[in-house]
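Here come two complexes built around chain A, the first alongside chain B, the second alongside chain C.
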Partner chain A sequence: MKHRVGTAGWLIALALCGSGPALGATCSCAGTPLLTAIDTSAREKGQLFISYVTEDHRISDLVSGSRDVRDETGRDRESFSQVVSASYALTDRWAVSALVSHIEHRRTIRSSQLGETRTSGIGDSVILARYTPIVITPFNRHEWALGLGLRIPSADDDLADGFILSEDMQPSTGARGTILWTGYTYAFNQAATVVFNATANYTDNQSNDRQYAFGDEVSLFAGVGHNMGPRFSYSVGLRYRRTDADSRGKFDIPNTGGEWLDFVPAVQWSLTDRLDLGLSGRIPIARDLNGALQFTTSYSYGFSLSYGF
Partner chain B sequence: MSVRVPQSGSSLPASRICLAVLIVLLVKTAAAGPQPLANLNSGLNDAWFSPTTPGQGFLLVVFPNIQQVFVAWFTYDTERPPQDVAAILGDPGHRWLTAQGPYQGTRADLTLFVTRGGVFNAPTPVPNTDSAGEGTLTLEFADCTQGMVTYNLAGSGLSGEIPIQRVADDNVALCETLAASEPMACERPAPDLSHGIDNPSVLEGGATLPNDEVFDAGPGPDGIPPLEDPQFVQGGASLAPSELVVGVKIGDQIRAYPHNILNWHEIVNDRFTVNGTPEGGTISYCPLTGSAVLWQDLDICCDASFGTTGLLHNSNLILYDRATGSFWSQMLEQSVFGNQITAIPKRLQVIETTWATWRAMYPDTLLLSEDTGFSRDYNDYPYGTFRTDNSLLWPVNNEDDDRLGRKERVLGINVGDASRVYPISGFASDIEVLNERVGAMDVVVIGSSGLNLGAVYNRELADCTKLQFEPVQDQLPVVMRDNLGSDWDAFGVALSGPLAGTQLQKTNSYIAFWFAWTAFFPGADIRQ
Partner chain C sequence: MAPGFSGQAVNTGQSIRLQDYAGKVVFLDFWASWCPPCVASLPAYNQMRRDIGTDGFEVIAVNVDEHSEDGLAFLRRHPVDYPVLLDPAGDIGIPYQLRTLPRSFILDRSGRVVASYRSYSAGDEQMLKQEILRVMGSPE
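Let's look at the complex of A and B:
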């Protein structure tokens, strides 16, 4: 039988790139929730989890610094991602996780007669190795894990609509990335029905063939999860995220990067002993973005199914 | 009968003398060649064809009084229809195309229409044509006997040239008589039709630009919103004197479009009144290349305004016209994609200078209002330190040409294959005037680093008079005086003196950042 430590885990860790282009020289987000959608559930030797996660991400808020700006162009930007992820515990301490993704982007500007642009295709893949030096036991309420991962540009990053579309409309970033990850969990009781969960990760983004690099990213999450019984749990948390400006060559792209603080609620039902269903969301609380004007996250919500073998 | 010819002392039959006279006349005629044309005339009204493509032909009608020309092209589909397709009358493969529009000199650049849907000699169904046209047809005549038809039906993937001649020569004499009655134009070089290659090839993908040189910058079409109904104010006390403006003078309408607003909108679709007639004009300014141009309404149809595509070529704005959806390169000033491909807009002069200089030249100017209907902070520059640092946000051609700083503002001019730039900061602080020759054109260059001003015109008048200019200080809007004693403004208009009212010919020129000019026009000379 599967066993998840804490309700937080990957379920509440959904986070996306947070901004989109508003000006001629701006672009900052591939809109792909890869790292935080990865399944990291497997803990006991031989455990295997497979999950399917979707997220709908609306990127239509127009912001100048931390100030909301009315958008008269009627711009609507949406990214929809589907991720299949697996995690497998090699030992009680070592596990590996991997995911593949499919991404759809839509960009509509209602004030323009040239209509909307849609792209879809296979996105990036991620592989993550995780080591858990401290695990929760009946005699220990702390858990600490470390991870090292790679993002692999496995597919389309040069889709065109006559001409090659901007990086944020491509399913794949077309660039490698290195991921450092760590997570800490504290169980408030012996049964670990109430837990505190914190994660931190850093992604170093490389350049694609067009010399474009999304900004490096730091993401911090802290939340509390409550397992209300054998079938239902929920969690609430806050996610702080900071990205550097995107760059092309050695030059930063204006109006990209910034800081975001989001409220992240999530609920989870165990439909059977092996099958979990989850819903989660992300609601911006505060943001302070670089440059004069950026489109950024309005909200996002996600759905997940996870099966344990 | 014979005639005595005393000089030779011999006699020749009269028939031989007549033959000799005829030969002399023929030789003289052949040496003179056909009567060259200065303008299309009604002697060209005729049926024309090419012997190499028999079975198709052109009917041409010139209307000299209204400077218009009409062409009917009777031809066929590109393939034979299936054999089981039959026509009651004629052939199911028949096609007829028409073109009409104004001509200039011996050339007419026309929109080509295809008519569909009618039946023989019946009021209904009403035949229809795509009002935007389906391509272009250029008609050009060197003399009264031969011409050239150049067509481009981009939607059908058809383009080419057809040399044409008359079916019969009856009207040649009329044409040559009309041509002889007109004064021939002098040899002043005609302005180039384009900054770059006049008839660039259409590449794979249907554009004249290589696909890998065009970038989607992210905002999407009209994501940078053009201004459609601009409002103006008088005074403009809140605008900093050093702020750059794009100055426009059309008739007696004088307007300034400040960079701080254009940075956020890039396009202003404006309306002017010229001699009581409303006319449209589009001001575009690309903040990434620092270039501003003014195009008159396209002669296409209906909505002749422009929008932003969200695409960049050499970091430069690519516009689209709302009538046909064709894409236009701002700095090439030419359509690069769509059914208007290779078309060139009608261009008018703008003067980019500081608000202080512009207001000193035109105190009653109108200023584009910040009340644009958009929530933008016009005190904020949207591209960080881009206009002053050395960065390039998108790949550009020839980016290693470091003869000048990348963001150095230069006044550039193209004449044929010749390209020259004049750094604005390289002009004297007072008004400086240079009488120069660029390529095959004698030009006058006006510049001032103190006034932050630059413009260049053809200094050869239509009657081939070549003027010499000298600067005039402290008498704005007058900036120069010619050798005949006329005073001229920065728009190349003589305000007083014997040439008062004369307009110098516009050149292919504007101000841009150096990196952009050398990306589009590599190898440009730099004024030393």
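Let's look at the complex of A and C:
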């Protein structure tokens, strides 16, 4: 029974990785975030958690700056990710997490002759190390953690449909990225049934072998979680994300990058003492995107199963 | 060696010092009234103590409720035979590096921690009883 890890641990797992690498930044669609899927639940020495996470992004909003624009092209875009992740606590302070992904992209432009374009394949992998110098205990209400991670392109990024498809349609970014993050949690009561959590992430994206680099990214999250008994928890939060413009060589790619503010609700059920089921969503509140026009996320939702050993 | 502690048991009135239990196997259990599996474990551990007996064995519980009256109220509703100490400030719990509850330890006759447990589920006391009997039967 992981009571008292429940709310704090889950919310931290959800929120510490509040955004992901901008895999689809050419359309500023938030692409296929992987960092949200990584499981960082392992918090006591020897704990091991395995998770399966899916996330579906509908990318159909056309935006000019901060203004929604009517799409005359009939464009419809969806990205679907499946992620398997593992988190293991080496000590009560140090933990490592890793994930591998499978990504599917689908794009339809009804006004063109191209029809539907689909790609799928193994996406990037992520490895994270987390150090928690200050932990929540029955005698301490504060927790602070630091993390360092590496995103590794683990598959091909040159799928073609007559010609090599753009980077935002590839399952893998083809490029490494370095991830820094930190998180703070405060428990409002000794049982930690209500917690506040704030995180900050920075991702530095390198170029792929075609000199394409997704924009570097900053992500901030703040939320509150409530554990309503041994089986059910929920949380609500706000996530701010800013990405630089993508680039190829020395030149910025137009109509990429910007800022997003999303509302992030989530619920979790403990089906057994070891197995948890989670549902989460991301609902745009505001955005201000670079360039004249960009397609971006309309909404996204995810499903997760996590098992603790 | 397990970190030493002392205090007065709020239910039995005994003056408890861990070093006084040298020569006995001790099951040390940390719990709180807001922790559902802790609450479920207390009667199970009480029965386990009766089954094993107190010749060479004892259970010592430490309640870590920050508001001790919550732990006391629970004990009045669900009394146990073994000594329970109050530790709202963590003087006993912090040296044992508590992070989650329930948390329990088996200490051998020399006061060394030979096993630790992070959780409780119904029926765990059978496994614990077997382990305690094994430690009691082991030569020092």
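Quick notes on this one:
Keep this in mind: the second predicted complex is superposed on the first by the 279 of 309 C-alpha atoms of A that agree within 3 Å, B and C clash if a C-alpha of one lies under 4 Å from a C-alpha of the other, contacts with A are read in each partner's own complex, and residues count from 1 in each chain.
What we mean here is this: contacts are C-beta pairs under 8 Å (C-beta built on N, C-alpha and C of every residue); 3 or more make two chains touch, one makes a residue touch a chain.
Not measured: the values here are computed from a predicted model.
Within the superposed three-chain model, A:L180 lies out of touch with both chain B and chain C [touch as defined at top].
Of the two partner chains placed by superposition, A:I122 touches none, neither chain B nor chain C. In the superposed model, A:D273 lies in contact with chain C only, and not with chain B. Of the two partner chains placed around the shared chain by superposition, chain B is the only one that A:I164 touches, whereas chain C remains out of contact. Of the two partner chains placed by the overlay, only chain B lies in contact with A:R75; chain C stays clear of it. In the superposed model, A:R248 makes contact with chain B only, not with chain C.
Applying the stated contact rule after C-alpha superposition, one finds that A:A200 touches neither chain B nor chain C.
Look at A:A222: by the touch rule set out above, it reaches neither chain B nor chain C.
Ranked by how many residues of chain A each touches, chain B and chain C are led by B.
For chain B in complex with chain A, the residues that touch the partner chain are 205-207, 211-212, 214-225, 266, 287-288, 307-312, 317, 320, 322, 325, 337, 373-377, 380-384, 386, 391-395. Against chain B, in their complex, chain A makes its touches with residues 20-27, 64, 69-73, 75, 107, 109, 111-115, 117, 160-169, 210-211, 248-249, 251-255, 291-293.
Residue ranges of chain A in contact with chain C, taken from their complex: 1-5, 43-44, 92, 135-139, 189-191, 193, 230, 273. Contact residues on chain C toward chain A in their complex (touch as defined above): 32, 34-37, 64-66, 89-90, 93-94, 97-102, 118-121.
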